[in-house]
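One chain, chain A, appears in both complexes that follow, with chain B as partner in the first and chain C in the second.
Let's look at the complex of A and B:
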């Protein structure tokens, strides 16, 4: 039996409030939130892996696959419906992860991190050399329809915002169930002691394979939504700094709750936007200080503030 | 005659020039409680590691209930009905004791855990608490494993091994790292549980008092070979064992002389 807990109610309420706010918030804010929540979906996958003891510096690979699937679907195959394009991106990423996962699940720790980075950089290199796909410039993404309905510019942005909010909120709810399920807790057990999991009669490798596939699907959804929001894709989506950003946000939020990546992604988006606005040449330094502060003062991320608050009340 | 629960035939294992197991022919029958003794480096843990699939033998055969388990990974051997505990308790240190038990319960239900049903179901919570009570460690249920005393960790390790309802349990030095005051209490608890579950037990142990008190049969290892196999009285009386494994001044002999 699925037990509906306070987190699930809170997530559903936050999703509804964010969705309702779509009708009121200014365009610039809706755009920032759309990009932030799309990124939060990717970070959910990074956190999923972190909970199993793995850190990926190459999640940009699947983010890019999701983005290019959306772009190429409209450009080459005449598919223009956003949900179909996003689904195609997620399936393409899962198919790729199904192959790469056979290799990746053999590795742990720094080897996993570096191999994931290497694979994303291979895709980056391939895209840079593909003139049909716009090489380093990438190409523009056709505006999509939503379940067959087409919208004008303003309504299009709102529809995309709503879709992103629903996917981010729905995705977080699904992952909340997964984190507390037998499989989700088994991933934590693998992080703690892989040998014991093996001696309980389970295959850590195949459990991590499932984790890898799920993380890839979430990354591709985020990539697809980002492509639709910005209207453009390029190989930078697979560059290692993009993957590093996802890890940054994961550390910022922490891994203890599915809401953490969403809060962290929104905060990151605002810090970055204002840092670029006010100090265009040193914004990376500001982000660096933010990360330094988090690691020193909140090693378990921003969400540890919520957790310690709860503990203090209890 | 019933099929032996565990049988090894000409089992060998070398590490470079060092031979850790040499032509080991061991037959364990259902219901036996067997102790394995030997000095450090005698090949006891190597034997357990080979039998549970952690270490491949260089040559030889291993049969569990008449079926070969050679080349099978540990998880497959566990699913066949064998379980083991470790010299250093292998738990999930940052999770609570109750969570450790729940994870073992989930694992015992099958190789593909549910991805949406909660781990902490009412049924599993009840089972986990009952097991902790059986092993006398229920008071640690909400404690993180890393904060639990060594003796309790050993018991939790063995309790987790028993969750899969194995027919054979291999214990690697169950009392190592446990205080003198605690060791008999720990072994009494373990033996009560294994008898209750009807499990055949093979355990490696350095403490001869423990071996003498709890086992029905002893295998004495020396330099990768079995130099004696019999009841505790027979093995402890064996001149070779006294010379090479337990030493002439061993406590069991002294106590016997005093009695």
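Let's look at the complex of A and C:
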């Protein structure tokens, strides 16, 4: 029997409110939210690894695999159903992670970070040299159907928005349960003291292997949704700056709650789009100052605002 | 600490209010245009900044009604032009997001922009979906209208990159140079790969039996080309072709020149014109440069180009290069189409469908001469292109172009319905080169 706590009720409510809001918000806002929530899914994976003490600068690898699975599924294999494509992307990413994980789980700290970055850049290099896949220009993604139903443009965007909200909300719920399960606690224990975990008779390597696979699946889902929403994919998805953005958002939100990546991803999207609008020449500087501000004043991320309030009440 | 947290919250709340604030629709009696170009990153210096400077000069002059005829009507159709400037840096996903913002939040009447081919390919279906008249001013991918076969809202006033390379091959052969062995150095991404593919195919057609001695594909923004220059020099080709642009191109020219790479052989740079004033004598005389069309130093002398050159020089320190001309051409095309669509009803914004209807197959005057929107079902400009040799006068410290040879659009552009690759392989059927 699953114990239902306040966070879960909150998450479910937030998901329902977001889903319902899809009918009222203007299209541009729905699009920004779709992209932000898709990104939040990837960031969930990054946070998952951070909770186990690992920082990945190469999550773009699985993000890109998810995106290309959706694009290539439509182009070369004639699969056009969004849920099938997303599932295919997630499976492809997990399969790849199952191989790479054997190597990656041997490394920690900066070595893990650098190696993950290197692997994603290998995929970038391969894609850039593949002129059949459009090299750096990438290619367009065919519009997909949803469980066999096809929609016209307006309804298509709404359907995709709903799917993204449900996946982001559902994914967060699952991760919340995982974080509070024995496995989740063990990951935190590995972060705190890996040797002690070994003395408990557990293998940190295989625990981290599971963590790596789960993070890859989330990244691929995010990548697939991004590809469907944008309608175009290119190798930039696996470039290191893309992976850096995920780490940026993870730090922005903090790692203490599964809702944090979602809040941070949405805030990041808004800060960026308005920074571009108001200061087109210096928008990167604004983003930089925001991160600096968060690190200096809220070292545990945005979510510490919520936490500190709770503590003050108690 | 508590205080700071409260302040942060207050700022965030303010930001939230700002985000929720609806931006006024373009019903303020102005013609609103989204302008998208690189304002940061490696493409900003050589392309983005000259193009945005060109746009500023033109839009200011149009709003004051100071542009010579036939563009002496104030703004666009008598309405002041209001621009929303967006940075193109950051990848195609972000550009799609920003394009949707332009269309739906800013409610722009049209969008002009995009240098990166990847961005153009990603924006094209979105522009068609949202029904926003969109003018691509620079991106050169041949795939644009191969993928968007029935364009309605998407236009391109710049030329296809295949034309650069077909004309480059023709220039080399027509100028009677020794072309028996060729070598290439290209940035390893879509632009470089496509350029080299088109160029080698074209030169093999024009000069059967030509040998490729080496092809170098260093990664983009590498900056140091010591090894590649050695490989090129050792393979001893008659001609070196490069589609390098920006800082990479300048680095290649500087490093290659210092090592005598360009002595005793021809070298052709398809994007060379954008650095004409920046070489400052550090490039070897006789280097063949292109400007991706009749732009920049290749622009013909006419009232509009003379006016633009003077107006640009009054506000900027260096000469306008081809990206500035191409941007101006895109905006002039939009203005011509909008005014034709308004059909004499000054002071109104024409309907989007009327605008795109008027734009397709339009012939308009530009800083590069007459532009014919006659390809890709009336959505792609057909224009000539020219190549010339770089010459630097140490006394006047001015660079100039010699031995310029221009090719008509019909000579170097594949007919509709044929891809550039197919057309070159078939031996340029129907090309009209006028001797």
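Everything that follows uses one rule, which is that the second predicted complex is superposed on the first by the 314 of 314 C-alpha atoms of A that agree within 3 Å, B and C clash if a C-alpha of one lies under 4 Å from a C-alpha of the other, contacts with A are read in each partner's own complex, and residues count from 1 in each chain.
One rule holds for everything that comes next: a contact is a pair of C-beta atoms (placed from the backbone, for glycine too) under 8 Å apart; a residue touches a chain by one contact, two chains touch by 3 or more.
Treat the numbers as computed from the prediction; the structure is a model and nothing was measured.
When both complexes are overlaid on chain A, the residue A:230 reaches chain C alone and has no touch with chain B.
By the touch criterion stated above, A:106 is placed in contact with neither chain B nor chain C.
Of the two partner chains, chain C is the only one that A:284 touches; chain B does not reach it. In the superposition on chain A, A:184 contacts chain B only, with no contact to chain C. Legend: residue contacts after superposition of the two complexes on their common chain; A:129 is shown touching chain C, with no touch to chain B. Using the contact criterion defined above for the overlaid structures, shared-chain residue A:192 touches chain B, although it does not reach chain C. Per the touch definition, chain B reaches chain A in the complex via residues 52, 73-75, 78-79, 83-84, 90-95, 99, 102-104, 106-109, 111, 113-121, 160-161, 164. Against chain B, in their complex, chain A makes its touches with residues 1-3, 174, 177-178, 180-186, 188-189, 192-193, 195-203, 207, 210.
Every residue of chain C that touches chain A in the complex is listed here, in rising order: 4-5, 8-9, 12, 15, 18-19, 39-40, 84-87, 91-94, 96-98, 100-101, 103-105, 117-118, 121-122, 125-126, 129, 141, 143, 147, 188-191, 193-194. Of all the residues in chain A, the ones that touch chain C in their complex are 26-28, 31-32, 35, 128-129, 131, 134-140, 153, 226, 230-232, 234, 236-237, 239, 242, 267, 269-274, 276-277, 280-281, 283-284, 293, 297-298, 305, 308.
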